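Next, two complexes with chain A in common: one pairs it with chain B, the other with chain C.
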Partner chain A sequence: MGTRSRAAACLGAASIGRKNALVLILTASMLGGCSGSYSWGWYVVLPTTAQGLSNIQFLLSGLWQTVAISLCAVAISAPLGLLVALPGLARNRWIRSINRIYVEIIRSIPILALMLWVHYGLPILLGINFSAFTSGLITLIVSDSAFTAEIFRAGIQSIDKGQHEAAEALGLNYRDKMRDVIVPQAIRRILPALGNQFVYIVKMSSILSIVGVFELTKKANELTTTIYRPLEIYTFLCLEYLVLVLIISAGVRRLERWLTIDRRA
Partner chain B sequence: MDIGLIARLLPHFLQAAGLTILISTLALALGLAVAAGIAAARLSPSRVLRGFGAAYVSLIRGTPCLIQLFLIYFGGPQVGITPGPFAAGVIGLGLNIAAYMAEAIRGAILAVDRGQSEAARSLGFSRGQAMRRVILPQAARLMIRPLGVNAIALVKGSSLVATISVVELTYTAQRLIGSTYRPFEVFGIAALLYLVIIHTLRRGIDRLDRAYAPG
Partner chain C sequence: MSDAPGRTPMIEVRGARKAFGAAEVLRGIDLTVGRGEIVAIIGPSGSGKSTLLRAINHLETLDAGEIRLDGRRVNLPLRGRAFERHVNALRRQIGMVFQQFNLFPHLSVLDNLALAPMRARGLDRQEARALATTYLERVHIPEQAQKYPAQLSGGQQQRVAIARALCMRPKIMLFDEPTSALDPEMIKEVLDVMVELAEDGMTMIVVTHEMGFAREVADTIAFMDHGRIVEALPPAQFFTAARTERAQLFLSRILGH
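Moving on, here comes the complex of A and B:
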């Protein structure tokens, strides 16, 4: 990690500001400019009127659930992904195939189908009912763990063989070698990918509205059924996600920059 | 596991799988066409076009696909466009995947060595000719894999159109579970069919990738 990647990170930070601004300006002008024959009803989400303000408050009240469920999901699925990734690095074919089968099957099932199975199928099989939040969380964790496992596997494989050899030469056992030498280096490298995966989770959490988790999308659906203004309400919803995603990607970029600075120097 | 039940449900599922494949194929065609345009815009010398391309990609990738579908299906009628569920599904999925595919295309074009375009230009090719005759053929084979990954994501994403009542695999599974109350068999078949579609697609991509691999 030399000056080149640092320079690249700085460049990225400088350009993202301008790009984000452009995106927001374009959206704003799109909303205001395209009048056509259609009479927009932006009053439904206008903070200056009492009704609009309460609508906005209603829409934003789902934010907590979206954020909470995404954070819970990523907090559990990242370690789980690492656990799934480890057998994928084994020399033994049979142990490796455990990882392959898990990853290939989970990655091939659409998250919506998986969620319906967890929410409506699993209770019939197990005889326990999950709350919408729980089954949503399980779905996100299971689905994400397969992707995270692949990210971890790639990251660990990218670590130079010499690091393994050096750790083994120092007499470290497998656990210590992984915990103290290999995984910390791998995490540095895969952090951008994990960040992207978090963005993906936040967006995917919108699907949980279908089983009735009261997150951002569910709130918008509810409001649409009381006030028939889907275009305005869903556009507002898009903006909510957009802001959320932009904040996360800015955070990831900052973390990345912080990590690329070599602290041993 | 009830084999008789599976046999009875299978025809419904095969029909639904056909619709999943059809909607994914149409969305893929639309997506590729739009993606080519967006990638061209992102690589164009014009600042306005570049800005438009970047904004499109950021907007689409920054918001959930489900909500884009809702916007088209529920929001469309408000402005006088009333797409059916199927059309809304194709348009929504196509416009969504286009943003991701545009990045794949752009990435592949940028991955072709600069020297290639410089060499072509110094041989007297125009910018367009250099792109068409020298850069694109080389970029095309670099695109196969990233575009393939997106195509797989598209097949899985097509399950979202179940929410706007297109009778594809996921919708069928959801409906049949309500009438049969046998989640294991019903979702088992659906998952298996997705696996078959995606596995076939993946093999096809691998084969294509090997056939056109550089060197």
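Moving on, here comes the complex of A and C:
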């Protein structure tokens, strides 16, 4: 424990002053003490035992829900983000303000509050009842669309003015210009950022556990209540997300290569 | 500014004015371009050459004055959708070639050419590609059809840009310093294509610094300075007997080096 807490103390002393550093040292040594005496019980998630195997199967059974909800969310929120971005590019101030208001309000709402509002608020206020899955999906879509809209806006604005002029000079109307010339180029540029958002959605889907969607996190919560091994189970959960995110990263990279190959000189 | 008797001129500009903030870029321009006529616009940078050219297909809006294409007014006081339809209909009759080529980097050469005929003229993909191939042959690079713009040299890219504009079968071609971004050894291949166009009877307005081209190909040289057309003369007269001091000064500078 010694080295780590000493290093932490040094860092603390350097940055936050003596009195606070003292508190930090105390806290660190207490935490260090705990971790030192904790005995891990990895057997709960080891596939070599029958119990471990069935636990793993239980945890992994949430995978389908996580994947399904993430894919649905990104498939809808990305086009929605584009639709929200377009008025943000208008010359007219009032049309632009549609985009600003949507983006500023939506992205300032904590995603948890938004989800509780959709799932528990709408039935009371409007008599609309959604399943937990649908509520969660709506929440992810709405929340993500505000961020995606900003990404699209930045991407579209980064396209050279000459591209707009060339398309306009050929007599293309606004829709054709955006669809065939501007947006395809913008998407190539913002692909890494969109990939980032997809990763964000996958991880954020974990809060759907709160309204009772049986995705990965909910499964982990459930298992924790029957087998009291939260550290091991949540570590396994983190690994599940890690694998998902790595798969997405690889996919986005492939897509980037595939889309840029035609522009290479 | 020759004009066949009884025919409307292809382009008529009357009293064109444009200011960017306090800077007056066009200060009352009158210009008539007849059918098949080739006008070279020359002059120092900042004299309003490009702005005038861009105003003709409404990439710039005029503050005052009017522009007619083949008798139809370009700058109409329409708004919204109606305006977009009007302008697009006119732009389809005007080919524009830019200094920076402005090819679509994500599309193959063939699709760069085929896009506008498909979208703006309603051709199907096969017809549009056939048309595109025809015009690629006209600019002498049919073998580059499947390549992407970044794989071509500057001269090839500009020829693709010319072919792309021609695919709309325009009544007039506007060239905005088409060779200024090119390496010297590539200028000729672009100018050659332009000369062939001129020989085919295309109406052209060319903003250029290529005095050789202006002298050999243009019917009229319009010299612009400070937002005005100072002189508009046939090349033979312009180069030997420019009347104004400013034109003489410009010529001595540009021909001197």
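Methods note: the second predicted complex is superposed on the first by the 226 of 265 C-alpha atoms of A that agree within 3 Å, B and C clash if a C-alpha of one lies under 4 Å from a C-alpha of the other, contacts with A are read in each partner's own complex, and residues count from 1 in each chain.
The working rule: a residue touches a chain if its C-beta (ideal position, glycine included) is under 8 Å from a C-beta of that chain, and two chains touch if they have at least 3 such contacts.
Worth saying up front: this structure is predicted, and the values here are computed from it rather than measured.
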item: Side-by-side fit of chain B and chain C on chain A, or clash; value: fit
item: Which superposed partner A:234 touches (first chain B, second chain C, both, neither); value: first
item: Partner chain(s) touched by A:210 [first = chain B, second = chain C, both, neither]; value: first
item: Which of chain B and chain C A:166 touches, first, second, both or neither; value: second
item: Chain C versus chain B, contacts on chain A by residue; value: B
item: Touching partner for A:224 - first (chain B), second (chain C), both, neither; value: first
item: Which of chain B and chain C A:176 touches, first, second, both or neither; value: second
item: Touched partner set for A:105, first chain B, second chain C, both or neither; value: first
item: Contacts of A:126 with chain B and chain C, given as first, second, both or neither; value: neither
item: Which of chain B and chain C A:185 touches, first, second, both or neither; value: second
item: Smallest distance from any CA atom of chain C to any CA atom of chain B, in Å, after fitting; value: 26
item: Overlap of the chain B and chain C footprints on chain A, listed as residue numbers; value: none
item: Chain A residues touching chain C - in the complex, by the definition given at the top; value: 160, 162-163, 165-174, 176, 180-181, 184-185, 188, 262-265
item: Parts of chain C lying in touch with chain A, wherever the complex brings them together; value: 57, 59, 84-85, 88-89, 91-92, 94-96, 98, 100, 102-106, 108, 115-116, 119-120, 148, 150-151, 161, 164-165, 168
item: Chain B - residues contacting chain A, complex; value: 51-52, 54-55, 58-59, 61-68, 70-71, 74-75, 78-80, 156-160, 162-163, 169-170, 173-174, 177, 181-184, 186-187, 190-191, 194-195, 198-199
item: Residues of chain A that touch chain B when the two form their complex; value: 19-20, 22-23, 26-27, 36-38, 105, 108-113, 116-117, 120-122, 124-125, 203-204, 206-207, 209-210, 217, 220-221, 224, 228-231, 234-235, 237-238, 241-242, 245-246
